[in-house]
Amino acid sequence: MASLILSPAEQDFIIRGVEKGFRGDGRGSLDRREVTLRTGMISQANGSARCRIGSLGVGTDILVGVKAEVNTWAAGEPEECGTIVCNVECSPSAAQEFEGRGADEINVELTQLLDRIVGGEQSGLDLRKLCIIPRQAYWVLHIDALVLDVKGGVADALVWATRAALLATKLPRVVVESVTDDSGVARAEFDVVDDAEDQMGLEGARDLPLAATFNQIGRRYVVDASEQEEAVTQAKLTVAVSPKMEICAIQKGGMLKGFAPSLLSEITQTALRIAKEEFARFDALFAEASKHNGELDEEPSTGSTFLEPF
Amino acid sequence: MDMDDTSEQQQVAFAMHTFERIHHTEFQRRFLSQNTRHDGRAFSQFRATHVTKGTVSTAQGSSTVRIGNTTVVCGIKAEVSEPDVKTPNEGYLVTNVELSPMCSARFRPGAPSDEAQVASEHIHRLFGKAVDLATLCIESGQAVWSLSADIVCLKYDGNILDTAILALVAALEDLRLPEAQLDSATGVVSADRTIARQLTLRKRLFPATFALVDTYLVADADDAEEQLATTSVLVVLDDSGRLANIWKRGACPVSNETIHQCIESAVERAETISKTL
Amino acid sequence: MPRPDRRENDQIRALHSILGLLNRVDGSAQFSAGSTSVYCGVYGPVDVKVYDEKLDRAVIEVKFRPAAGVSGTKDRWVESAVRGTFEREILAQMHPRTLIQINIQAREDDGSADAAAINATTMALVDAGVPLRDMVAAASCAVLADGAAVVDPTLEEAAAAQSVHTFAFAGSDIGRAGSGGASGSTSPVYVDSRGDFSVADYDRCYDLCLRSAQRVLAFMRTAIEGKIAKESQISVV
Amino acid sequence: MDVDMESQDTRDIASRIVTPGSVITNDTAFMRGHGTFAERTTIYSSVAGAVERINKLVSVRPLKQRYSGEIGDIIVGRITEVASKRWRVDVNSRQDGILLLSSINLPGGIQRRKSESDELQMRTFFAEGDLVFAEVQSYFADGALSLHTRSLQYGKLRNGTFVTVFPQLVPRSRSHFHTLPCGVDIVLGVNGYIWVSKHVPASKVEENSELIYSDKNEFISDDERETIARIANCIHLLNRLYVKITDTSIIFAYEASLTHAVKDLLTREIAIDLAHNVKTRLEQQS
């Protein structure tokens, strides 16, 4: 994915800078770029969000939609649970290297990451609440993420957008009733209430984690690496931390190097340390986004460019 | 004297053949500017069209259609499958147009070309309304007929859409489905082959394609003409004379009057082929 | 019968567009009509593979990705529709031996998505500075079961309609029609009418779409001119 | 009277904003330039932009376009491929530029003859990813730009950081290499590629020609790093807010930015405020 090739002098400049605590745009090693968050822009989805990490309208940009579907239970599937299916796709309209099969590898890597973080109970979501009737019907949440631009730190933006989309997700209410058929056997049947007013949020969505990616550059590491910093990254670690300050998923990336165990434990400690601030930042952005949730402009509007939020 | 004459004729014939090959565009234009076409047809004239039903004995419904040199075989295979949850009472109709290197050198081996995929998709969209998918239901929510129509081009000489659409109409009319029943206890579908049920089409479709070669509108372009045409208009009518589709695609704008001309020609064409079918 | 979203029959949904929203491409646009929304990114002219190279003109390639699910035959159909529509409007002979790549990404399809794809492509091509003979504006219209013709149908309306019609027109043609010319003198660059309809239905939808396209074109021009006006204020030293 | 008519016409045509397909003029006296096409006697616009007129030549300056080079342009490029006796260089244009082995200065004296061994060690001069400061020398038949670095100020770039901007924001001017008062060197490539680096006196390279192809950075102090980051952020914000990028505008932005921390320069409010400040000062100056 690192399509950017830097000259030895640029690489040296970045690495030495990071080691001294100076990043190219003046950030400290644990500073994140500006994050922009919006929710509810896909009216046909049960929940949606868009997250951009980057300044002045340039940055990694991801759109996530959550669609809920009722599935009939089949043998071999979990009996009293719903499921989550993740899919991440890098749009070829975002970058030329995603043309054709160019995005296959990164799509798989990101899908795997997302699945690792929100695919199961470790995410904090109560999957049993997604069961409608045991061994009969359950909800499937399809999380579809579309990567619109890549400027470093895709993993973090993906998780931030997903958390926002799941928090904004509303499921229709389901009424279960017992019916006795002609032969006297009682069966459960369900009805999905089609009423936009009568919907509920996901159980446990508040417990969903956020992720921070740490890129090892030289002997130090940074959070939220820029595109150039990613080009000189030897190894990276994405750590997902829940609001309960538990680490619920870790994925290592970067094929050049392994981590020293001491650095690894330092990074996880740091992840926990910055988590509180990250959640506070997310909450503020999400609250702001919820105010404008799904606003559709009444008047025809022509947003001109960059400084419009999206 | 005689000798001279023949050699001169040969000379001319050779020159014309060469002319066609190396100056394809100019060659065609000479005809068009004289109000005729290279195969002698008038602008609005379609090629001879032959429809034969039941040409593939292993398929439940089949047909062979020839328009001029373009030859297409359509075979429909019926299989039992489970319906989609959203439409428990509807069966499936899957269409697939195959343009292999066998039918023309312009197609390459391997994955279906864009042209074949576009044709498959367009025909699929067209027949979605022509076939009542509810008549393909065996047991609601349990079992339905799934029809897969393979439309294979044997020889390509232009106007694949008209040929393929006609072939599918004929094959659907030829289709006989056995009476099928679902045994709810075992979940097995049994078919009684002695009773053959015919599928009733909501409407028969009659296609007519027109191509714009330079500024000339010609009906039913053959391969040589198609290579010059950047624009085509497909008009599909049903047996009650109503329109099912107008599809203008390609680079050149076509005036609304021209589209109306196409509709009028298509009406005449529909009358002719309804007799053939 | 009132429409589900209480629009008048000849009223298109609120239009919204953003030019240049993708940073990695030469030109991009988002075009939305109500909740139907499409992104388009254009690269070009760029180097072309020798195998595809055309000596006298640029090669035009179109890729369409649906909002969800895998890309299939359906998308090839849309690609061919868009490619055909822009084949003449892009002045391809000005950039021989190059490639102009058009990537369309549906964000949400709530009806009339083909028209939105064409409109988004026009705006992205303009944003990329690809030389065009003319701008293209598209619009859709549906004839409902009760015979009423409604413009810019939603997915719900289109699904229940007797027939659905999509037309695209070149800007100059729309201009001519606007100056009092009859619809007979206009020449659409793209027509897709399907369903069960009469010639009268077709004509009715043609006029409605021509009028809608007029509004879409005016909207696109305003959006583009607004952006240029902003950028023209670049201070000169 | 005639003159009056003419100026009236000029006002009609020039500085109008047009979109593709707009009629620019029916007057056959005009010649069509970039961004236009002609059909019969009418000149139409083929891009969106502002109409410009020089005498009888009308053209449209487009919204944005890839960089298209002119001979004499000073640019920054990135080596993408080492080929036989030449390098391919990404110059932010639709085609890669070409730097011929014969168009560079070799270490050990300008007048030295190029030998076969030079061909074998081309990577020691420029390798893939290297940034090069060069001048457009001519065009190849297929339109690709031919570059040269035969001047001591040109060559490999080091000691700093790379910034990309819209090419149309960098005007062509007499000098594209500047040493700013804050002790930072900048190379403003008209192709939109900009290099910001620690100031190294020109005499240093003149004394030691080996340095032209060095990959090694000099020692860069913390203060210098901060100034480089500040200048890079200033350029970035000028770019995003569509302000022309020149040594003057960069200095103005730098001076106005000093009350803020470097990392805060790219936050929305501060960026808009700074850009506004720069615009006002530029207007006052002219």
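Going in written order, the chains are labelled A, B, C and D, and every chain counts its residues from 1.
We adopt the following convention: a residue touches a chain if its C-beta (ideal position, glycine included) is under 8 Å from a C-beta of that chain, and two chains touch if they have at least 3 such contacts.
The structure displayed is predicted, hence computed values, not measured ones.
Chemist: Along the graph of touching chains, what's the shortest path length in steps from chain A to chain B?
Modeler: Contact-graph shortest path, chain A to chain B, evaluates to 2.
Chemist: By Cα centroids, which chain is closest to the centre of the whole protein?
Modeler: Smallest offset from the overall C-alpha mean is found for C.
Chemist: Taking the mean of the C-alpha atoms as each chain's centre, how many Å separate chain C from chain D?
Modeler: So the centre of chain C lies 34 Å away from the centre of chain D.
Chemist: How many angstrom lie between the centres of chain B and chain D, each centre taken as the mean Cα position?
Modeler: 56
Chemist: Express in whole angstrom the distance between the two chain centres, defined as the mean CA positions of chain A and chain C.
Modeler: So the centroids are 32 Å from each other.
Chemist: With chain centres taken as the means of their Cα atoms, state the distance from chain B to chain C in Å.
Modeler: 28
Chemist: What are the residue numbers in chain C that touch two or more other chains?
Modeler: 19-20, 170, 227, 230
Chemist: Can you list the residues of chain D that touch 2 or more other chains?
Modeler: Where chain D is concerned, no single residue meets two or more other chains.
Chemist: In chain A, which residues are in touch with two or more of the other chains?
Modeler: Where chain A meets two or more other chains at a single residue, that happens at 58, 306.
Chemist: What graph shape do the protein chains here make by touch: line, ring, star, complete or other?
Modeler: other
Chemist: Can you give me every chain pair that touches, using the contact definition above?
Modeler: So, checking each combination of chains, I get A-C, A-D, B-C, C-D as the touching pairs.
Chemist: Residue numbers of chain A touching chain D in their complex, please.
Modeler: Contact set of chain A toward chain D: 5-10, 12-14, 16-17, 20, 22-28, 31, 33-34, 55-58, 228, 306-307.
Chemist: Which chain A residues qualify as touching chain C in the complex?
Modeler: 42-44, 58, 63, 65, 67, 89, 91-96, 99, 142, 144, 146, 148-151, 296-306, 308, 310
Chemist: Which residues, counting only chain C, touch chain D once they are in their complex?
Modeler: Answer in residue numbers: 19-20, 26-27, 44-47, 91, 94-95, 97-98, 126-135, 170-172, 220-221, 224-225, 227-237.
Chemist: What part of chain C is in contact with chain B in the complex they form?
Modeler: Chain C reaches chain B through residues 73-74, 76-77, 79-81, 84-85, 87-88, 163, 169-170, 173, 183-199, 201-202, 206.
Chemist: Under the definition above, what is the set of chain D residues touching chain A in their complex?
Modeler: Residue list for chain D touching chain A: 78, 127-131, 156-162, 215-217, 220, 222, 225-226, 229-230, 232-233, 236-237, 240-241, 261-263, 265-268, 271-272.
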